[in-house]
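Some structures are shown below for you to check.
Here chain A shows up in two complexes: once beside chain B, once beside chain C.
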Partner chain A sequence: MSGLDKFSEKVTRRVARATSRRSLLTLIGGALTGAAVIPVLPVSRAQAQGHGHGGGDPIAPQPTGNPQDPGDQTQCDYWRYCAIDGFLCSCCGGTASSCPPGTEMSPITWIGTCQNPADNRAYIISYNDCCGKSSCGRCLCNRNERDRPMVRPQANNDINWCLGTESAIYNCSTAVILGVALDQQ
Partner chain B sequence: MQSILRGAAFAALMWSVGAAGAAGYPQPLPEEPVPTVTELPERYPASWVVVHDLHFNSLPDGRAALVDVGADNHHLRGQIPVAQFGNILPSTTRGEIYVGETFYSRLTRGERTDVITIWDTKTLAPKGEIVLPGGKRGLFVTLRNSLQLTNDEKWALVFNFTPGSSVTVVDLDGRKILSDIDLPGCSLVYPTGPRGFTSLCADGTMTSMTLDAAGKPGAAVTSEAFNDIDDDPLFMTPAMVGRTGWFVSFKGNLRAIDFSGAAAKDLGSFAIPAQAGGDPEWRPGGWQVISADRAGLLYVLMNPKGGEGSHKDGGTEAWVIDPKAKTVVRRIALKNHSISIEATQQETPLLVASRPDGSLDVYDAATGAFVRTVASVAHDPMTMTAAR
Partner chain C sequence: MKWLAASALIVATGTAVATPAWSGTEAIPGVENAARARQNWMLSCQGCHRADATGTPQTTPTMAGFVARFLQVPGGREYLVQVPGVATAALSDADLAEVVNWSLVRFDAANVPADFRPYTAAEVGRLRLKPLRAEAMTMRAGMVARMAQDDKGNKNRGGF
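For the complex of A and B:
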């Protein structure tokens, strides 16, 4: 558990840094870093298949219905997914902010800062993994900007972040709004 | 029942058709014994490669394929389960293959058990297992240096991640745990000296530890910082030339680390000479992006669309680099976009490139000529380890 504590502290400090006005300005609209599981091969598949669908016929769009939260939650280019990696829970029985039924949300996460194109605010997004059922297999989404190798785990998205959960089996990833990072003028 | 009758009628019909041609074949085919199960040679030929299939769409059911990339057919020679972000490590001397893996008693739930499973190279049957305590084996997209051997292959080193880092030292003969060593801020294991290991650390340094006869660590020796993780980090998997590990960085710098002594030694770096055709620039890309042949030539998988975030995108060429002359000897244009590469350790080496669709393309490493495709050996062929 001491490792966990150390890690939480690191994450907290990193979030604190990220939420400082100065660093956020440089990060708006971009990924702070990756989260969750991302295997490289599915990256290539996702690229080949056009942003995150599992191949074959497209998955039916899932707009939020809220004009202030625009976009299709089954698509990798949905604004909250700017630093997500893994299967999108919206395609797996959950939503962008909730895990599929019967899974457990990982308490250890990675954080991104994404800009909402509708209200032009930057939001802190937490990419909690959902754990305890096997790989969802739908809507793989994968971005590697600012990803760093395993030598720096807190910036590495190849790691299974189903840590501290009852089961370490990875199912999918969410993108939960933690709050407004910075209001735009 | 009806279908059985139909089947019997069909067989009788076929028999009568066959009887007409029996004159040309006076002897029938011999009877074949049942059951029959194929065995493998105890020591695999140098044209064989272990291909690790992460199986991302069903991670608890990962596996590895033994593939003869030098043969005309019968390419897939056998399979070994490698469960849940597992690692596979063939011994070069013991006739065994080690798999670090993780199980739950009810597949996705229940009690977690981490083990090293010991597989017999000849029968591909499990010979035994060593339970790894603590449920802490590191789970991430497979990297060869999360499970390694030291002490003349008598001990295994397992990298743990909880997210605290540690290494478990395992006695393979005694089938027991020797020690657990905390590794704050450092990752993975690179066997070092006769009995010990090095880890790469988040501050850009590396830390080496020798192990005593009981597997307990001596004092840690930490190097100067050499890994520019912010701007140009090293990929974690080196190509080994003897005890020298050649690492390549995101931007195409090669660095040699000498792991032969008690403490790893940085031997310096050089940039891969710039080549035409990049848009915007050539960079290494993929998962296992560097390999070496027996002559010490390096092979690096290169992506012409290099930039921030491109490091896992795979590549379209393999560049053959002579690290002594610091030159690009040859550029091998790959037939297909590829993710990982591995050179066989044959006198005349083959270069194997794994594709996102799970097939392998095989090239003559000396000429770059395409030799064959071995189709559909894995779902997600992440890492490859040539027989040696």
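For the complex of A and C:
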């Protein structure tokens, strides 16, 4: 073993003679800076953009195909989501108006209006939560048009609306059209 | 002949439900614009009471086929406006009176008394200044008990 000891001692001393502590700091600093640059690389950005919903697999766009109902139902800026606060059921195995399998739609909801860009009319939208499985965690949206503070609970979207369901565990939110609102008088 | 039976049934049900205070064809008393009343119901009430006013046992008592019975007991007329969800609704006095008049006929026409005077904006405005709070539940329980008593009395006299 002494041969091995002598060899490693020789190598270590040679390295110590030939390099300075400052060069080690340079090396570590370079590595740190290099690591920080990785997210800026185009490869990384392309992946994150996928469908722009944070973690998880990228979600394919879900246009309705109906010119009267424009937009992508997996995006927060879809017109029916104007007052939504939660995970989009469209990204969780359901749709904008139906719950993912294994969850139950809450019959108790908060109801508001959203303007449809196709005809510029206001539609009455019911934000029914889907309940019974743990949070979906995809496509978190928080748009608060006409959202009211907690003192007006019937128009507040921070409440867990899983009421009247078997389970009060929140999974995701839908935006169901109830009808066309009357024109403003 | 099935279709005949079905349509006869629909007609029969329609008349049976709508006979007492309101025949179903004329305008609802105290409701200037039924479409507006329905929209206000959707935006301010339906979220908890559900579209058909059946409610949810744990949180929201049923209104369908029951709500107008409050008009038959003392204090009920005031209660229907002073109950927190109604008194504090984000609606003007006129709109609130309209939606209350509308919902009484829409969800419980059979129990609306023949001499029912529709709520006016002024009456609603006066009543909602004193909304009920925690006492609403006790008050409701008292009135429901009174209804049960009345039912018993009517039965003994051979009514109902």
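The definition used in the following text is that the second predicted complex is superposed on the first by the 116 of 185 C-alpha atoms of A that agree within 3 Å, B and C clash if a C-alpha of one lies under 4 Å from a C-alpha of the other, contacts with A are read in each partner's own complex, and residues count from 1 in each chain.
Heads up, the rule we're going with is that contacts are C-beta pairs under 8 Å (C-beta built on N, C-alpha and C of every residue); 3 or more make two chains touch, one makes a residue touch a chain.
Owing to the predicted nature of the structure, the values given are computational and were not obtained by experimental measurement.
After overlaying the two complexes on the shared chain, residue contacts for A:Arg152 are found with chain B and with chain C alike. In the superposition on chain A, A:Ser135 contacts chain B only, with no contact to chain C.
Once the two complexes are overlaid on the shared chain, A:Leu178 sits against chain C while remaining clear of chain B.
In the superposition on chain A, contact is made by A:Thr113 with chain C only, not with chain B.
In the superposition on chain A, contact of A:Asn144 is made with chain B only, not with chain C. In the superposed model, B is the one of chain B and chain C that contacts more residues of chain A.
Of the two partner chains placed by superposition, only chain B is touched by A:Ala168; chain C is not.
Touch criterion met: A:Asn160 reaches chain B, while chain C stays clear of it.
Shared interface residues of chain A (contacting chain B in one complex, chain C in the other): 108, 148, 152, 163.
On chain A, the positions that touch chain C within their shared complex are 107-113, 124, 126, 148, 152, 154-155, 163-164, 178-179, 181-182.
Looking at the complex, you find that chain C touches chain A at residues 35-36, 39, 42-44, 46-48, 50-51, 56, 58-60, 85, 88-90. Taken in their complex, chain B has these residues touching chain A: 54, 56-60, 84-85, 102, 104, 107-109, 112, 135, 138-141, 143, 161-165, 184, 186-188, 200-202, 227, 229-230, 233-236, 286-287, 308-314, 337, 339, 356, 380-382. Looking at the complex, you find that chain A touches chain B at residues 2-4, 6-7, 37-45, 47-48, 108, 132-135, 137, 143-153, 156, 158-160, 162-163, 166-170.
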